[in-house]
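One chain, chain A, links the two complexes that follow: it is found with chain B in the first and with chain C in the second.
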Partner chain A sequence: MLGYYFHLGLRSLRRNPALTALMVLTLAVGVAASVSTLTILHMMSGDPIPHKSERLLVPIFDVQPAEGYVPGTPSDEQQLTYIDAMNLLKSGQGTRRTALYGIAPSVEPLRKDIGAFTAPGVAPTRDFFSMFEVPFLHGQPWSEADDARGANVAILGRKVAEKLFGAGSPVGQRINVMGQPFTVVGVAGDWEPNPRYYKLVGSDYFGVREEIFIPLATAVRLEASRNGGMSCSQRAEPGFQGILRSECTWLQFWFETASKDERRALKDWLDSYAAEQRKLGRMKRGSPAELYDVMEWIEHENVVGKDNKLSAWLAFGFLALCLVNTVGLLLAKFSVRASEVGIRRALGASRREIFRQFLTESAVIGLAGGLLGLLLAFGALALIGMQNGEAAAVARMDLTMLAFTFLLSVLAAVLAGLFPTWRASQVTPAIQLKSQ
Partner chain B sequence: MLRMTNLSKVYRTHMIETHALRGFEIQVNQGEFVTVTGPSGSGKTSFLNIAGLLEEFTSGEYILDGVNVQGMDDNARSRLRNEKLGFIFQGFNLIPDLSLFDNVDVPLRYRGFNARERKERIEDALAKVGLASRMKHFPAELSGGQQQRVAIARALAGSPKLLLADEPTGNLDTQMARGVMELLEEINAAGTTILMVTHDPELAVRTHRNVHIIDGQVSDLVRKGPSLAAGHAAAAAAV
Partner chain C sequence: MEIRPIVSTILRNKTGAILVALQVALSLAILANTLHIVSERRAAAARPSGIADEMAVVKIDVSHLSSDGPEQQLATMKREAELLRAVPGVAAVAQVNQMPMTQSGWNNSVAIDRKQTEESSPSSSYFSPDSLVKAWGLKIVEGRDFLPGEAQDIDINKKDEPRVVILSQALARKLWPDQSPIGKTMYFGTGEGAIEVRVVGMVERLQSHGAEVSARGELSAIAPVRLYGSNQSYTFTIRAEPGQRDRVLRDAEAVLRKASATPVILESRTVERIRKSRYRADMALSWMLVTVSVLLLLITASGIVGMASLWVTQRRKQIGVRRALGARKIDILRYFLLENFLITSSGVAGGVLLGVGLNQLLVSKLEMARLPLDYLVAGSVLLWALGVLAVYGPAWRAASISPALATRST
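Our next item is the complex of A and B:
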């Protein structure tokens, strides 16, 4: 009977076309508003590396002075000092580890037709590429030896590589970075995790694509300027070398463990490391080390702001308002069909069958509303995406949201249809039939 | 086929009680063609609605084709209505935005027949009322008489045992009314029991017997000779 009712539902769309159009439009606008905001929320709060996000861990130490510290207060540190980053790199903890900071070096092509430009990127260690699964179009990550000696090697982003060398492989080619000759060892494919979880501090969260990668040791040797945040709670000696010896935090650190069960052991080791450092006169607050996996880190950094969550709630409030309107319109639509209900009841339809028929018709209206809502949502997302690159990165609908749109629309219509449908099924056939 | 014993129907509002039927007794046998007459407000329609399981009665007993309908839930009443009863109304009561085919299809859908059987029954029923060639037409494209024929086809398609007709010729001119009445007589001759409410005394005399209702009670029974097919001689009236 469901097929029959669905057919009747389609037919019913043509009945009272103005009323039907109004209902479909009301639903579509409500669905589009909620789906647009929810899509953005979904894209912002999605797990960027779901299969290993529980095994990628960020350590944080509280290196701030003890003066004025109230025990138990959470640390507001987000990065590590150079001293700690180097110690952790040498620790052998986890299966892989990397430290990195943002850079924006000047790149001078050897071709004279292209001028020098600034290429935003990161300076990590070799493990970065396997830990975060950076795809390679050409070449491969630099070697451990390159890391150790701070070699002048670079991995380019696809766009920069094409800009400098065309479509072919530039591996082995030379470029000047910060006035130094560098050898290109690889080209990264289109890699743009959203949010940019591996480096959230002091940069955009979304729509960032790295244009260049050079070894951390090389960046430090060349004293490459930071393109990102730094927190200093104590005075540092002047100059880059002073920063390296300071308690300023400016490096993002990541561990990768073989399984999520190793987190506890890693945390214990970090606490023992912090205790050792306290013996050396550092980390005087005595706070325990903190450890966050990817999703915890995204939450900690407040990537999805309260504004976004509030927008989603407001959009759902608007959908609820649209639903109330739809209830009224459905009541009007169904009330003029009381005679049909009477006829169907006389011919053998039970109240339950009438309920099913009219609820299916509501669902068909929901489907039509969903289709139109989807179009409107695409339009709204396109408009939002035109604002800037960061907005464009999150204003994209994926298959999950596509399916959700239809589900939400049908569910909303069915919900709105419950009361009008119940009313329709309560029609007294005898009265309707005689009044014809 | 149908027996009501000491049946009553009371409509209650918070102010008034109205007795539509009281101590109502009737028996209609298989194969009979019975007319129900009476003045307006006498309880004819209440009787027909209760007989058609469209309304519940207040007290008494109602046996339909051997089934006591008292206490049945809505699903069981609807199933019984669908399987055993056919309805013909004064206002035709066709669904305007369904074709003739789809109108006749409605009761068959609720019966759960498969597509092939439904198609056969619809074509057969429309052929019986002479409208086989117009099954794709819509009710508004037909005359009143033709619309009533479609309603008859719809009532017949499910092979009901009892056909309930509420002034089926009330909205038709004399010629069309005659045609519809002849069709009902044919249907009755083929074995279907018919209970027809009418104001028209000419129609009443053409049936096996006439039950007259006044003030919610059967007041008179007019027996007539076997004006219909001889095969109906077995149809005995009793109250």
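Our next item is the complex of A and C:
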């Protein structure tokens, strides 16, 4: 019977084309608005590395001076000092660990037909590549020995590698980075986690691909300038060497643990480390060390902007309006069919049958609205994605959202159809038949 | 015409009226809030940066691939500034560490007393050995521009400090609310290591590198300093003669490239583009909200038209009877207009409450600004007008119903 009702619903779409078109359009617009804003929220707040996001941890210490400090105030530090980063690298805590900072060194190919350019990237330690699962097209990460001595080795992003060396493997080739000869040891594949959780401070969150990686020790040895934020609560000694010795925070640090239960042990170790540093005359505020996993860190850094939440809220308000409108239109559509209901009831159909028939009809309208809404949403997302690379990275529909769109539109239409359907099923057959 | 029969009609068949009123209320609540946000964002994006005639100003980031020593680098910087000044069509050139609105630059805390442990204010720090007053057309409102002898060249690897500053009016007022800042002593940083400087001038306005919407966006200080000795890129800002910006920029790049023996990387941006990218997200949001508002009004209007048409159809016979009993066309028209007005008004009343509630939610959850009453008033007027316009068509059709209809049986 449901199939028959579905068929009836389809036919009824044609019966009053203007009214039907208006309903479908209203639903479609409401669905498109809410789905496109929700897609962006969904893409922004997704887990970039689901299988290990609970095992990747960011430590933060409050290194600011104690003068004028109100105990209990949370610290606004987001990165580590060079001193702490080096100590933690040597700590042996967790199964892997890495420290990194953003760089934008000049790259000068040996080929003369391509001019020099700056390549934004990061300077991490070797474990970075396995911790964040960076795919390799050619070659492999540099060795621990390279890390230790600050060797002039570089890993290129795919695009830069192709620009400089064409499609073949450039492993072993030479380039000049910051005026120094470097050896290419690897090429990273298309690696673009969204958000760029491994380095959130002081850069775009979405649609970023690293163009170059060089060892942290090398970047420090060559005094590669920072491409990212630094926060200094006390005045540093002049120059790069001064920064290394200072309490300025500018390095991002990550631990990887074998299981998420090890987090507590790591936290205890960090607290004891902070206490030890206090004895040496640092971290005088005495606040406990903080530890965040990937999702907590994304939340902490406010990656999902307020504007995106605002858009989503207003879009759902808009959808609510579209629903109320559809209720009104359905009421109008069903009310002219009271006599039809009267005849069906007189011929023996139960209220429940009438209810089913009209609800199916509402669902058909919902499906039509959902289909059109999906098209509109794709259009809206394409428009939003045209703004810039960052928007393009998040204005993408995935399967979850696709399924959700359909569910939302049919649910919306059924919800809108409930009241008019109930009204229709309340028709008393005798009165309808008499008034014919 | 009495309102009572209309009210009792509405009360007898509440559903439709409630639906229309609910639509009006929802539209008004959303509309007032979106219009407020749109006008706020647009106002923020239109704020002056302090740079006069932004269309004529550009910046060029220069980074050399040679690893020169600090003294050589200083000589190169000075030579490049002279070369740029000689480019035809250049009105002024200044080397500078940062630009307004680029969202990357230097924040410092400033204090007015060395004994302070807390900062008096944050400040965006501009360093330029040349006159930014000339290059950017900043307006001195008190004191003076830097004298040529005050400019310092500071090697960042050595301890050397600026001695004089010019403040933006907002920063000066924040530090000394009712006194003239000229001649006062101020500190970059707090405590023992703070750098003491003397204020020599105040400019009307200079936005920070972040151009924040909060008061912070106007707090800036300029020191007459050229920084050198790092391997970071450095920036020149150029003011071109009117209408010659793009050509001047091309020529300036060519001159810099030609003058360098080793490869040089240049990155240029016009202030026009800097402004555009600073406010891109705000403009995108405001366009989205405008689109939603227009759709909102269309949908509400269609809802009113639909419901009114339904009522007209349902009441054809009654209208015929009224007409036969002597009601004029204008009476029927007025009946529907008044009925709609009553429903819209109750919707508007609900919408005002809903709008204030929605704003409360936005204020508390998303830290948006409080909604001024004007937007609710404007929104209400708009929806009233929309209601009348939307119902006019169906009401006119109702008025055209012939009295003869009353004599027919169905």
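The definition used in the following text is that the second predicted complex is superposed on the first by the 434 of 436 C-alpha atoms of A that agree within 3 Å, B and C clash if a C-alpha of one lies under 4 Å from a C-alpha of the other, contacts with A are read in each partner's own complex, and residues count from 1 in each chain.
Going forward, a contact is a pair of C-beta atoms (placed from the backbone, for glycine too) under 8 Å apart; a residue touches a chain by one contact, two chains touch by 3 or more.
If you're wondering where the values come from, they're calculated on a predicted model, not measured in any experiment.
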Look at where chain B and chain C land on chain A after superposing the complexes, then choose clash or fit. fit
In the overlaid three-chain picture, which partner chain does A:M1 touch, first (chain B) or second (chain C), both, or neither? first
Using the touch definition from the top, say if A:G72 reaches chain B (first), chain C (second), both or neither. neither
In the superposed arrangement, does A:G92 touch chain B (first), chain C (second), both or neither? neither
Please work out whether A:A346 is in contact with chain B alone, chain C alone, both, or neither, and reply first, second, both or neither. first
Of the two partners chain B and chain C, more of chain A gets touched by chain C
Which partner does A:E223 contact after superposing on A: first (chain B), second (chain C), both, neither? second
Quick check for you: in the superposed arrangement, does A:R11 touch first (chain B), second (chain C), both or neither? first
Looking at A:A430, would you say it contacts chain B, chain C, both, or neither? Reply first, second, both or neither. first
Using only C-alpha centres after the superposition, what angle do chain B and chain C make about chain A, to the nearest 10 degrees? 100
Taking the superposed arrangement, what is the smallest distance in Å from a C-alpha atom of chain B to one of chain C? 14
Show me the chain A residues, by the header's touch rule, that chain B contacts in one structure and chain C contacts in the other. none
Quick check on the complex: what are the chain A residues that touch chain B? 1, 4, 11, 14-15, 339-340, 342-353, 428-430, 433-434, 436
Can you check the complex and tell me which residues of chain C touch chain A? 15-16, 19-20, 22-23, 26-27, 29-30, 33-34, 37, 63, 65-67, 117-118, 155-159, 189, 191, 193-194, 229-232, 263-265, 267, 280-281, 284-285, 288-289, 292, 295-296, 299-300, 302-303, 306-307, 309-310, 313-314, 358, 361-362, 365-368
Name, in rising order, each residue of chain B that touches chain A in their complex. 45, 49, 52, 54-55, 74-75, 77-79, 81-83, 87, 89-95, 97, 106-107, 109-111, 154, 158, 166
Which of the residues in chain A come into contact with chain C in the complex? 19, 22, 26, 29, 33, 65, 67-68, 106, 108, 115-118, 176, 178-179, 223-225, 234-235, 237-240, 305-307, 309-311, 313-315, 317-318, 320-322, 324-325, 327-329, 331-332, 335-336, 384, 387-388, 391, 419, 423
